[in-house]
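Chain nomenclature is as follows: A, B, C and D, assigned in order of appearance, with residue numbering initiated at 1 for each chain independently.
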């Protein structure tokens, strides 16, 4: 199974990267582009057939290591093997 | 509308961060964790009601700026406003 | 309207007496915005209420000081119309909560203090302290802090040239992150923060205001407890790129004659900058918060006034120069907004959405700020118990092996290789020496800079410790051949409401005063961080001293690196072999009690002045002071750096651990070519200074009296080993 | 002789490189702003080190899309000589003037240190005063200096002798242990096929001043200035 952890800066926390990308896109003439935020995505292969269990593991990993909960939120989803 | 651009290192391209996360997770005792890869996710608010059109814009932005096609692949999806 | 309850007042850290004073002065209840403003301005961090009665006793002047404490940073004259501008500041609590961002914004903040005065920052230093290496949080905190410091400084293109790292379990839950910045400006182009000119515009520049770090100022002054995780306010996130643009934009505008006064928005953001600028100029200030560039929608007046968003500045300019100023900030893509005006009312007046949110007479906030003479008790350790020393049988070399690979004496390369210490191309002496040397751009003179503290000495005997920290800073500058000029300090202590902690503060300051006076080394800027305490356990008293000195001619300076074989190695200053509070006592004897070594300030000055002359006049190029770890550690550092060994020749009485590892103060090691030997000895004897030849530089080993020996290669491996293995293992 | 140094917001080695160029050419280079839409007449264009646009998104990515880079690319394709150092190298790969890309250092942290390099190409416009296999010491200072390209690109680079410098040790050994950042084949700098574009991570401008104590970068500057004369 493959887990996807999407990690974004918390609402209200400054996101300098997102802001810089937004400026750059606007300068490149993408006038329709509004607010931009940048986050991380982490793809993890996990040895488990049980989504419930896998979710618990990934949640623990996110809290412990992957996300910085002071400034980031995370979201977990799963990709079935293809 | 909100576009999500998910940018991942191409298969076979070195991903030092992914590797480091994988090692750390294994060290922390997450033995079920296999291959880890880290990418970026960029959330873009876009002023358009037409997904077709929006997709074209975001594709162009990705090719021009957001992704480096030498080492990265990207995927676009859309979030409907809530 | 928010009701002002007793709880709310308490939550703002305002005590009963203070609140009563507010009610009496205003003649009414404060609004919530006003309460926030009082709370921020009267926090320990902004008001120095526990410390200012002590701080004002520190000497702040000599013939080189242009601006002492009270401005954004201190200013000294370094000749030829040039000034060095510098300050140190703490970012302890934010770095504990979020090490990367806390440390990064600490670096960002201290740079703004320096460039707001018109100086281009030319050097950064950092003094960082962590808990026991075995403590579960230490590694994570250290790695976050170091990458945060590097992340910000590297991006700004300002070299990080020095600092110190210490581990001690007293910092387990209260790490210390102190950052220092030094800048250079022309003396006739220095900018101050005193607002003037009724009717002039109050201009906001830089990044937008968000809800970052609201209550940061009060947080920095409040003791932590176990649920501080819950109360965690929004953390400030740094944007070094925005700051780089702000730096360039400010310096560009400063080449024109447009800015009347300027101050960065640091702790307590818009509140403290507006209040301090207006108070200094004895004018009133009206702000319309509708004009403040905000990042978030629906920010309240309270939030806008207390936000600690980074990379912002407040300036006073004449209204008809606004367009000219705005053009510069437009070029650099930064916000520029006129948000208010100077008035003759002596009031701070704040409007938002057409409503009056605050109206406070400025002197209530400033001169009305509380100030406490807190009771204190100075506690000293008992005399050091020497009896156990003789039981240690290990050979000196075995002990050297242990100490050089110990957490507090091993190489800090792992840290400073993550900092760009060379950018700007003026770093003459990179990290690893006693002080860093940074060339004053375009000249042949250099600034010597170092950051030091010895908290274990201060804890054992606050007054002696206070003398020692200043003396050590002076000694480190002297060791490279610089004339020490002035210091900045960062006073990190526990809870001042406890007598013994206040006693540490009082003792350390008294010791510092003596040393500053004797060594003509005044304090020109600084910062106090109190309440470094968790669950009732305070840190060791940690006064960090940032010293700055001048090398007039860069053709003559010295470094610890041994440069040649067949030099004579001379130990300058008397060695008593005193082991109290030494690293040896801690690591080998497991003894952390006892008094620290004494500092004889008169002697210190006499010896240092001669060492400096030897460097500048007699061209001695190899000098190292003896500090933590004592003589043998200092020698080992010199050998490792130069990749040349030393053959030590000691007499019998000297063959003991006290002589080799004691930390007697006021000592230097120099290495002198034989052709210079007689003149060197003559100079030393002429001034009545004790010195002894202890050996010769030779080969690739340290050899003690033909018996004990160790190769430089082994020593280097040991020296480099601990940190890397700890962090990467 | 005209030299242009391009200044991006966030560049921070622009002053250093300009001073080194002046020292060896006796002429102040022109400082060109990233928003400009035309390049001054130049015999040499230099993209300096630093953190253009904060290095946000990817190092060099936003700079590569700035107005002035359109002109630089045009000019390079017409044969002008271009040097990119550190961030400048990253901008060159991002704008397609050089193949491959620079990703994060293998150790995941910023590295600043004096590093031995082996001179691989001693006939280029930029390096002819060195001798092949010389070991020179030049500082590096980067977080993303790990050169990466696909196998066929690397083969092409090597077959055409386009590697300018490789990381090594003081004895000239080239292996994993002497590789500070994980670069493929220890590559520290490369040339394009026409030999008019050079990208390198190390900073020669930090090794051309005796008071600083490093001078192995001097031959880099004398090579260039002689080529230009």
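Keep this in mind: a residue touches a chain if its C-beta (ideal position, glycine included) is under 8 Å from a C-beta of that chain, and two chains touch if they have at least 3 such contacts.
Not measured: the values here are computed from a predicted model.
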Hey, which pair has more contacts between C-betas, C-D or A-D? C-D
Based on CA centres, what chain would you say lies at the far end from chain C? B
With chain centres taken as the means of their Cα atoms, state the distance from chain A to chain C in Å. 37
Chain A and chain B have mean C-alpha positions lying a whole-number Å distance apart equal to 9
Compute the distance, rounded to whole Å, between the mean C-alpha positions of chain A and chain D. 34
Going by the touch rule set out above, which residues of chain C reach two or more other chains? 239, 241-242, 333
Residues in chain A with touches to at least two other chains are numbered 16, 20-21, 24, 28, 38
Of all residues in chain D, the ones touching two or more other chains: 53-54, 56-57, 62, 65
Help me check something: in the complex, which residues belonging to chain A touch chain B? 6, 8, 18, 21, 24-25, 28, 30, 32-48, 54, 57, 60-61, 64-66
Counting only contacts in the complex, chain D reaches chain A at residues 53-54, 56-57, 62, 65
Which part of chain C faces chain D closely enough to touch in the complex? 147, 150-151, 154-157, 239-242, 244-245, 248, 332-333, 416-428, 439, 444, 554
Where on chain D is chain C touching in the complex? 9-13, 15-16, 19-20, 49-51, 53-56, 109-113, 139, 141, 143, 203, 205-206, 209, 211-213
Using the touch definition from the top, list the residues of chain C that touch chain A in their complex. 97-98, 100-101, 207, 210-212, 232, 234-239, 241-242, 295-296, 309-310, 333
